[in-house]
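Input: a single structure, listed below in structure tokens.
Naming follows writing order (A, B, C, D, E, F, G, H, I, J, K and L), and every chain is counted from residue 1.
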């Protein structure tokens, strides 16, 4: 990791299936516009309820990627 | 969300399957006595261990619901 | 839980499948050397990304076990 | 405050005017069903945006009230 | 703890004797109206001062109880 | 909120009038370059003092907006 | 800000009008005895309730001022 | 609590007996030089160990007192 | 404290009497297997309830001890 | 700081020398693409270990810069 | 540390060299007016940027000193 | 990092020179008894003061190492 500099961006992914899938959705979307994605950190897990059932899981995560010189 | 007022209650759901299911169990139970459930926020994830294996996942969540005037 | 004293150790489990499985892996490994494992608390969830996809979920947890007199 | 016992409930008030008014709205609504309200603590301030402008301020607060014996 | 769902309420107990007693007072009061109380977690300890001496200890705690189906 | 992915950016708005206005200023500025702004969360409130009076209120907030596919 | 050293003191201001005014009141009082006040940071917002309405807003803030050599 | 302004100072009291007594010692000492002491908040509890036994309990607390105009 | 290196372990002590005693129990147990215990820091206080009364106080603490070269 | 709006980005700098140098490296890199950098706040300090020695210090920081109208 | 009572004050030191030196500067300044300084705790590290380079490191610290009876 | 499990231990290193050196001292000591040390995270920085000058910097860190199967 020598002299590299990384940047972190904060994203919110969502999924009807669960928290793991919400993370995957956010990472997939991020990789469409950002290169060198390296790691993520979960910041918060929440979700919406409809008709008394979980409608979506939403996961806020920070995604770190290397800045190319 | 105009002039509405919401209340949050803190619940702990559990499941032998995993954290997503523990959340669903808590929401399902809450919807038996509370109406207008709107969102949840995960506060803490823990669990019990038996015979060296995960026995239950337990998720503490705050559940928000609209107060009807 | 009377007069018992418990100790907590901090572990990081990982899994390509998801957070629940990362927890199970850490507990399984801990039970190979520690007895009387009783509960766990999730401290942090993170993971690595490779080729724009989640490569591993990593969960840091504190595991509590009873100290035998 | 001698031997009294207090309970806290968590509410979310909202207002188009600002955070102070969102607090007032939540307290007013709480006082419709709870007696002996004594103090509040702000937990979080957020809000919604519509057409690039603040649409509502939302304040989460804990409200403490005395339990009558 | 299988499939049970628990609820937590936040209480403030007080005592002229000390923090342990303030906890006991809050639990005793809670048990007058709630059944299946199971555990408590201390959130905050504070108190009032009169004439340069501690007048009361006040302990905020979250009390968990099982929801009966 | 289905499968949408959101991004959050952290901004600091300021105002001589008060915290509510500092939030409005930050949102207004953000909407000049970002589309689909959806919500904000207050992170911190501070300010500067000049000649023994409040000169500016400064509010740090995270602003969430939907990423268009 | 070179080699200067600053000190912070923690104050609680209150106001019947709102949080911004409670901050102004605390700063005004502080400036009566302290010189070189430079900035403030809001630590906590709470308040008292009387007859089901907000009676006072109370804001705890840390106020920084430069120590003169 | 109208327009009053309060100041908080941070103290550490200690006692060989326990945490309650460490609080009392700190308050007693504070009242020797400060007037209008009103409340305290426990920030941290720690202690020293000698010969495998608790030697002192140390409690860090913030003490609030009213500033006289 | 010169060039010494310390290690901290996390323990949970319990007692039917109160929090101070729960700390003493944890320290006593720790001193049976660890030497050079130096200080402790309280991390969390909780407890169990039986028949509407406090059954045990449980205190989680970090205990620091010097590593001998 | 009048009516200005600031943005903060989160960066991770690293250095084999120490934390101060890791900060300098992150700021230097940020200034290659961002103008009007104004301040930084350290969020976290960590590092990697190789062959039992510190290989790199890594410092996560938030960097604030003024948005030009 | 027997029955002593300690007070903590919060200071901000700064230095063009680095965080260690900013701490030393704050302590040196504090010792000009306070006696019996005993320990410090770092609360926050930040700094200013000028022309794309670190101009000063600023360290906020709490400094504890014994109150003489 | 596949299926590996890591353990973290909490250490306090100290140094008369500065925080970076205190970290190095703790890591060096840890590597005398632990293998596969991989990373560290700074938890807290404090220190002692003697004769109005910094006597030691003390850094608490969590050190992660891989558990060999």
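The rule is simple: a contact is a pair of C-beta atoms (placed from the backbone, for glycine too) under 8 Å apart; a residue touches a chain by one contact, two chains touch by 3 or more.
None of these values were measured; they are calculated from a predicted model.
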Problem set entry | Same or different residue numbers at the chain H/chain I copy interface, by half rule | different
For this session: Give, as an integer number of Å, the spacing between the C-alpha centres of chain K and chain B.
Result: 44
Problem set entry | CA centroid of chain A to CA centroid of chain G, Å | 38
Problem set entry | Rounded Å distance between chain D and chain G, as computed from the means of their C-alpha atoms | 22
Exercise. Just curious, how far off is chain H from chain D if you go by their C-alpha centres, in Å?
Worked result: 30
For this session: Would you please write down the residue numbers of chain L that are in contact with two or more other chains?
Result: 9-10, 18-20, 30, 48
Exercise. What chain pairs are in touch here?
Worked result: A-B, A-C, A-F, A-J, B-C, B-D, B-E, C-I, C-L, D-E, D-F, D-G, E-H, E-I, F-G, F-J, G-H, G-K, H-I, H-K, I-L, J-K, J-L, K-L
Seminar exercise, completed: Given the complex, residues on chain I that touch chain L span 1-10, 62, 64, 67, 69
Problem set entry | For the chain F and chain G complex, residues of the former touching the latter | 17-20, 44-49, 52-54, 57
Exercise. Okay, in this complex, where on chain K does chain G touch?
Worked result: 9-16, 25-26, 29-30, 48, 56, 58, 60
Problem set entry | List of chain G residues in touch with chain F within their complex | 18-20, 23-24, 27-28, 30-31, 37-42, 63
